[in-house]
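Next come two complexes, and both contain subunit A; in the first it sits with subunit B, in the second with subunit C.
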Partner chain A sequence: MSSGAADRGATSRPAREGRPEPADTGGWRPWRLTDAPAAMFLIVPVLVLFGIAVVYPLIETIRLSFYEIRGLAEPSYVGLGNYLTLFGDPTFRNTIATTLLFTLGVTAISVALGWAMAMLCSFAPAQTLPFRMMVFAAFAIPETVSGYMWVTILRPDRAGLLNSVIGAFIPDFSRAWLGDATTARWALIIAASWSAVGLPLLVCFAAVRAIPKSLIEAAYVDGARPISMMRHILMPLSLTGVRVAIFINLLGALRAFDIIFVLTGGGPVRATETIGYFMYRESMTQFKLGYGAAATVVLLIAVSVVSIPAIIQRTAQAK
Partner chain B sequence: MIGRAPRWTIVVMGVIALIWVIPLVGVVVTSIRPLDETSLGWWRLDKVSLTTSAWRRVWSEYPLANAFWTTTRLAGIATLLTMLLTPAAAYAFHFLRFPFRRLLLLIIINAFVLPQQIVVIPLFRLWREMDLLDSFAAVIIPYVGLSFAWSIFLVKNFLEDFPKDLIEAAKIDGCGPLTTFWYIVLPNTLPPIFAAGILQFLWTWNALLLPMLFLRTDVPLPVVLARVAGTYDLNWDLRAVAAIITAIVPLMVFLVFQRQFAIGAQVRSGAKE
Partner chain C sequence: MRRGIHTTRRGRWLAAAGAVLLVGATSLAGATSAADAQDLDGELVILQWQGGVEADLWADLGAAFVEANSGVEIREVVLTGTGDMRGPMRTALLGGEVVDIVINTWPAFRAELADAGIIGPIDEAWEENDWSALLSDSWRDLGALPDGTYGLTYTYGNRSGIWYKPEHLENAGIEPPETWDALIASFDALNEAGYQTPFAIPGQFWAHAELFETLLIRTSGVETATALAAHDIPWTDPAVRGALEKYAELLDAGCCADAAAMLANDWDGEADQLFLADERNYLMIGMWMNARARNDYGMAEGEDYSLFQFPALGLGHDNTSMVDSKEVNLTTNGDNPEAAIAFFDFLLTAEAATILADYGFASPSAEADTSLLGPVQQISTAAVADSEVQFVLGDLLPGDLVDEYRVQLQRFLQDPSEETIDAVLEAIEAKALDLY
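Right, the complex of A and B next:
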């Protein structure tokens, strides 16, 4: 019934194609003065929940970041003290480095792989459907579960799949992957990319499928082989999808928590904490609430900066 | 289909997909083989037998049945709330006039930026004061509230293509704003409502951070799994069962409702298709 409604909408305004111009429906509203009570009735539950869950926490986190709070004691105002401590704290500086490496690593790996898979699949969409489903399965399971799966793969003994595979070539090989800061960081990136690749595959596949058939047929007529087809037709024409996938996975990686908690617990010795994990650690296990709030504000600035283009787009389109 | 399918693309994709499911296969195999057979790796074939022992014992070892019921209720209530409240607000924002309409809309739809970490400290303090810690509301309120940013955006986007003639006709027939919503708009807006509901369900089901911090007695599956995942106990078979039980519902929901998910996923993260 959805397509019915959408179709009729399309016929009543045939000129509209995709995004509307602001002038189109901007001023149109069917009811006038009597709206306010009805609107309040419909909207107040949302405003109440949104206020408690978003507005209050946002303001309160920023406010608390200027206070020192220990447990149940009365907060004391310290100005920028928390931020100064934060940037003088070697653990936090390491956290920023980990956050950058993790966010960029996961985004680059997952988008590159997802994009490549999307192009591979586009040559035979029907036959590769089960294969796409298998990759989506990794994306659909909770991060706690995928984290646990990687715990089993990275086990330090020979029952760990990775040690066993390498051990087939190098006798008596065994390594505690999660016990060393460098390998633990990369383990985290690989594990997170393993689940995150589903979304780029989904988005890029849709983008590749949206390429006009005539272009592809023309390329075939000109004798394009699969590789050159990918290189010259599929890649440049699916860039919009890639951009969307990059943005979504950047934001997702910045907010990561679950997989870090299960796979490394931020260890060894806090080497694999990202900001989103650092704030949890400081506020909920060390009970330094003000300090944790300051770290959260840093995370907030990071996600906002990444989101600026999306915010501008949404704000311009909202009528 | 793009031209003639070169066979090697299918083969390469198949190999990648097989590599991708190895961790899943490993967990399933570990759960149905005796522990001593898999102590050198679940893929070892020295001695092969199947057992349901882990599947039978796990219920008394870990509180999985209770956690499953808790997760179902949490995700169910959150999903219902989202599917109920979102279309009402999206309709009001799109078709009705009221003070501060555009300002409120802009604030709500741009909140997609906020990570869940933002609510941890303020709500922990608030719930402690209001004595709401360890209640379902402590978890459901933030997860529903945070998701309005994308769910309202999703439904409102859909309403932009809603035929104005229908609304006008309803108005001429004597429908007010509320009756029009209930009889005309709601029945024709089900696809985005379901998409929002499915995303909310998956998100709440998979949630670890807030339930772990705000719930004590009844905890959902991811919290149980996270608690036993990192320990040094050797119950690899039991933990494999726990992982499967945690993953099975979201996996099924995702595979069945893949289309609705695709509609919603991009909007949820702030990127319009």
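Right, the complex of A and C next:
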């Protein structure tokens, strides 16, 4: 059966000799050069907005990174000077290590927890809906708000929730969780993971629910137990959702700032300072805009290294 | 900038010429002042970065000024943030905010604003309004740069005072310590009275430097602090080392919590520990603590809490005190410099001093009635009046250096050993060499 468009083409304009017949487009007219103005008309506003909101600030940041700007003084061109100083700066090198630990820690914990919860919830989807909503609600809370909540949990005195809970079992227990470098780093990772676990739960749950029911029913019929079901069916077949969750949480953790600002301010002794926080401190507190811009460019490269391959892969899959 | 004022005054002089013949020069001066106030109009824009009680104080000061100058409308460009507010202020000013008045507390920032041409000298206004009759030369010097006076100080605070609750010391059977040895000895007495951590050191951001700075001037004088701020002496100088050794002596005497607890709290958290939780006994912090104790904790000044000046070390510099101040700067691009100058003038009046006193802040103006101050403020102002003063060191250092200085002092708190003292001072000096 030929399409209406193909019929119209056949009756109004007979095919010339030696020229192939137009393909059956299934009801859609093939793209023609005359569509270009309409396409441009639709895409130009987006391109203009993208240029103003993304490309211009990006170019300006890169340009600033070649200048030394201290406070309100006149900028002076220093070429790659800021980058050379940056990589020679032991504080910045420490922030790279802290960023890696924080990013990997938050991503691993939040995705593992979200994935595990998604698989467990899939056994009783209706009954676990309120639970999933509660976990996801944490994702919707602004990081500054959750940061202040964690401040009250981690207070160094006995009024802190964590200290008082432990104090119920160990009399006079009191620990300054945010005053020690090791515990402060892990406190930050746990606090950020708590906020971030909602998204992996949502994405992985959707991936688990997308697994064909016939497969799961067949496994039941074959006598598979829940653990085997999780290991051999749910885990491998929900990996698509896990990959998306890893990608999103990795980017989020890499750019983290708010929760660090509220909980530790980068301390103690800069132990929890990530690249994002370093960038803020240099740009906003010290007002070394050029140096801060160089750190921003480095962070941008790190984000690109993580995101571009993933975007290319996703785009290829979409085709 | 001053042309507007001159033109207005010339016009009034002509109009009042007949009256001059009749009522004489004294009456004319009064009539001119009143006319000045009547003629002021337009919007007066103030860059406001303070919050809480100080924001309320400024609202009251503004309302009182507007009441006397009904043609003027005050608008505050309010900045919000935590920590060092110079960043948001720079962003606002570079971002095109046009204001008439900048409230400032950092001498280094005053120089930066002046170098960038954002604020201008006020020497002409100073002479015209005879502010020297109300502010002594030392206050003028405090707001000066090498090429002129840029800041008019409206309040100041003692930064070498130690806050305490009389009840704690009574429980321990001791008086506020007047000497270093008495301070050290008081720790045992307080421990026996059930207080495990006598001295609060809020080390999360910057407040742990307060103790070091007073120890620096008490061990080697204000000249050393001035020289250090200008980097005329290195941070590795024995005088600087001596101050840190005294600090270590205090820590070794069991004054304080463990390093993690010190680094986990800022000054407000430690103030809560002292005044609300009764877990600390001494806190060294600026006079804004007075407003917090009165307004936030609802405590009675001089009864529920009090202040004593840092104990004498007996090293020849016990008459020194660290101070801070707040000043107003006049911008070069403001739309209403006449109203700004009038507001500066108002800040030195008895009315403004009374409003400041109501909020627990001291005014340096000769118009201020010190009897209006609460008992704690009176202790503080008397201590400063009797002292050789030095402006807070941290506010005199370049931004980069002050950050390194505070972080290195945190390292010192983690391990106050001889080796750490050397490492800390070398690290600060290395940063200073990059900057000066």
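Quick note on the criterion: the second predicted complex is superposed on the first by the 260 of 319 C-alpha atoms of A that agree within 3 Å, B and C clash if a C-alpha of one lies under 4 Å from a C-alpha of the other, contacts with A are read in each partner's own complex, and residues count from 1 in each chain.
Following the convention adopted for this analysis, a residue touches a chain if its C-beta (ideal position, glycine included) is under 8 Å from a C-beta of that chain, and two chains touch if they have at least 3 such contacts.
Since the structure is predicted, the reported quantities are computational estimates derived from the model, not experimental observations.
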Which superposed partner A:288 touches (first subunit B, second subunit C, both, neither): second
Which of subunit B and subunit C A:265 touches, first, second, both or neither: both
Which superposed partner A:159 touches (first subunit B, second subunit C, both, neither): both
A:46 touches, of subunit B and subunit C: first, second, both or neither? first
Superposed model, subunit A: greater residue contact from subunit B or subunit C: B
Footprint overlap on subunit A, comparing subunit B with subunit C: 159, 265, 284
Residues of subunit A defined as touching subunit B within the complex: 1-2, 4-6, 8-10, 12, 20, 25, 28-32, 34-36, 38-43, 45-47, 49-58, 60-61, 64, 117, 120-128, 130-153, 158-161, 164, 194, 197, 199, 202-203, 206, 216-217, 220, 226, 229, 244, 247-248, 251-252, 254-255, 257-258, 261-262, 265, 276, 279-280, 283-284, 289, 292-293, 296, 299-300, 303-304, 307, 310-311, 313-315, 317-319
Residues of subunit C that touch subunit A when the two form their complex: 83-84, 86-88, 90-91, 93-94, 112-113, 115-116, 118, 203-205, 257-265, 269, 273, 277, 279, 399-400, 403, 407, 410-411, 414
Touching residues (chain side subunit B, partner subunit A) in the complex: 1-3, 5-6, 8-10, 12-14, 16-18, 20-24, 26-27, 30, 38-43, 81, 85-86, 88-89, 91-93, 95-99, 101-102, 104-126, 141-146, 148-149, 152-153, 160-168, 171, 176-178, 180-181, 187-191, 202, 205-206, 208-209, 213, 221-222, 225-226, 229-230, 236, 239-240, 243, 246-247, 250-251, 253-255, 258, 262, 265-266, 269-273
Contact set on subunit A toward subunit C in their complex: 71-73, 155-157, 159, 174-180, 183, 265, 267-270, 281, 284-288
